[in-house]
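Every chain is named by a letter (A, B, C, D and E) in the order it is written, and numbering of its residues begins at 1.
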Amino acid sequence: MKRIGIVDTSFSRFDMSASAVDELRKQGGRFAIERYTVPGIKDLAAGAKILFDRGADLVLALGMVGRQPVDKDCALAADFGLQLVQVQEGKHVLGVMVHEEEAAGDAELAELFDRRTREHALNAYDLLFRPEAMTARAGTGQREGFVDAGPLKVRRP
Amino acid sequence: MKRIGIVDTSFSRFDMSASAVDELRKQGGRFAIERYTVPGIKDLAAGAKILFDRGADLVLALGMVGRQPVDKDCALAADFGLQLVQVQEGKHVLGVMVHEEEAAGDAELAELFDRRTREHALNAYDLLFRPEAMTARAGTGQREGFVDAGPLKVRRP
Amino acid sequence: MKRIGIVDTSFSRFDMSASAVDELRKQGGRFAIERYTVPGIKDLAAGAKILFDRGADLVLALGMVGRQPVDKDCALAADFGLQLVQVQEGKHVLGVMVHEEEAAGDAELAELFDRRTREHALNAYDLLFRPEAMTARAGTGQREGFVDAGPLKVRRP
Amino acid sequence: MKRIGIVDTSFSRFDMSASAVDELRKQGGRFAIERYTVPGIKDLAAGAKILFDRGADLVLALGMVGRQPVDKDCALAADFGLQLVQVQEGKHVLGVMVHEEEAAGDAELAELFDRRTREHALNAYDLLFRPEAMTARAGTGQREGFVDAGPLKVRRP
Amino acid sequence: MKRIGIVDTSFSRFDMSASAVDELRKQGGRFAIERYTVPGIKDLAAGAKILFDRGADLVLALGMVGRQPVDKDCALAADFGLQLVQVQEGKHVLGVMVHEEEAAGDAELAELFDRRTREHALNAYDLLFRPEAMTARAGTGQREGFVDAGPLKVRRP
């Protein structure tokens, strides 16, 4: 049975894990979920590695990024760690990051957290169980949590 | 038989994989192509590693980069992952990135996606099957998708 | 018996290790603490690796970041190192960084050093001994050393 | 017999490899040169790794960096890759990078390409065959391709 | 017998190695010093790895950073390499970097080179032979080459 790891943070202002679990369960199928909470986004890579060591086949790494320049450097460091663990393991860590300034107010931000996490949970499910569904979306301008940008075509006369 | 991996994204607004496969097929020769789709550019390194684990000799990593500062940090993180996987494997991952702001409108952007991907598909083919063709272009100012910059010469009196 | 490593610096203007040890001891339980001091934040990763080689199960990396642009690049380099060691070891290094400009004066800065270090010492303890306490704080907007930001909720009509 | 690898790019507007080979041959001595061409600077690390796998003792990585911000990010990613391969192999990759904006016009830029590459080819030769010559230049403010900055001395009264 | 490696550069305008060796010898004790010179700061990581492969227990990496933006990116790449080698080896590389713009003129810059290098040579010695001396300086705001910032205390009423 496949195992999906979820690592989330206490820094985040939204329970992203609940959205991820709910969306994954909606897809049906047989898989186990293991959740693990860390303080902030710079701890996600270690958390993902711990979940892989416990048998995860893919990890969803859920986090929030603040609006200050220092937060952007933290996000870069966090992403660096997520790249390291993925290349070392040969398995996906889908990073789901919501930046504080992406939405105008608390209500809109909460909605963005929920939608983006759910859409990436679907990506995680498809990577493991329906890669052909993932490929069907290739080049279509998907924007998780926002309206999709849509595909471009070359006009041949 | 050589194997060429192609990893592309659902974030991209253009089906870069179709351009790559078409251009590779035009070159003739015997090789297999395996395609794998991931959500965005930060997932390309894991996708490339998965394709190497399935036997790829070289991977084309195809992606689109947005116009926001956060997108540029994502591109840096993605590139970092692609460096990691290449050094670990000792094989090429040719990153083909198109930045949203490189073209003035949708039609021009689509053309750029197509041309750049095709020119890098040719690079991939040459690295595997015609390294002498690659060397013949050394120092000639190639600009994939744009007009080449051309070579400079030292003027000796 | 679990072992907690503490690596701190001579660059820092506050004895962060004393706050961490005091807070850890308050939690009770059986664990050993090993402390190791390095010059600055770019030496924390090597110090953490040395502590892991001596048997640590988790490391608290305590440092101060100056206010100049060069200091921010140092912090990024230091964070890269901390990501590397965590992914290599599969264990947490909780980085506790205080930036010089985060507080208005010396007294306020000292208080911030103390509070942030204590709150992360608690995170370290919980990761090792009470992961369910860590999970209980998931998505609640914890801000170590400052007032917490609190959780957001999606309003369902 | 020692082996020197040269990896160059088709992006570069100057045949840096020709300058490197000419300068290396002028030094005399017994060594083999192997050249390998890649598309751009982000492909240099994979190229260097391939040359090490074929037996190189040191690699000269020759490239050109454009003037746009995206080019600077590419250079940073390329440099990360070159650091990775050097630390993994325990051998030098001398990166020779010429930035488009370092010279006022095409003629001057061509001269800079030639001079810098030749001076770094000499560094490569010295690292392998005359380390004492390298040490003799320590602290002397060498500026490959430009006038040297020269040494500073502490004035003791 | 412990072995201290010193890697320095021909780019630097000051013979940092001489200051380091002089200061280390002043401490007395039994240890061997091995020196190795590379072109610039991006070559320090490979130099440090070579010294570790020859038996060094700790490496002092001595370099100068120019004042241009490109120099700052080079410093970041160099630091990244130094993090890599430290985590891989589990040993310290003390990076001693002097930035060109840190001092007002040549005389002052030379003094800064000398003082900072000597203070970090002492750190190196203490890490290997007197870790308790290193710990005694923890949290005291050491600023190698400049006046120390000094410690902060929490005021308890």
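Heads up, the rule we're going with is that contacts are C-beta pairs under 8 Å (C-beta built on N, C-alpha and C of every residue); 3 or more make two chains touch, one makes a residue touch a chain.
Owing to the predicted nature of the structure, the values given are computational and were not obtained by experimental measurement.
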Next on the checklist: Once the contact rule is applied, which chains count as partners of both chain D and chain E?
Outcome noted: none
Checklist entry - Could you state the distance in Å from the CA-based centre of chain B to that of chain E? => result 40
Next on the checklist: I need the residues of chain A touching at least two other chains; which ones are they?
Outcome noted: 76, 80, 84
Checklist entry - Classify the inter-chain contact topology: is it line, ring, star, complete, or other? => result ring
Item to check | Complete ring sequence of chains beginning with chain A, oriented so that chain C follows | outcome: A, C, E, D, B
Next on the checklist: Which residues of chain A touch chain C once you look at their complex with the stated criterion?
Outcome noted: 8-18, 35-39, 42-43, 45-47, 49-50, 53, 69-70, 73-74, 76-78, 80-81, 84-85, 88, 106-107, 109-111, 113-114
Checklist entry - Inside the complex, what are the residues of chain C that reach chain A? => result 72, 75-76, 79-80, 82-84, 86-87, 90-95, 99, 120, 123, 127, 131, 134-135, 137-144, 149-155
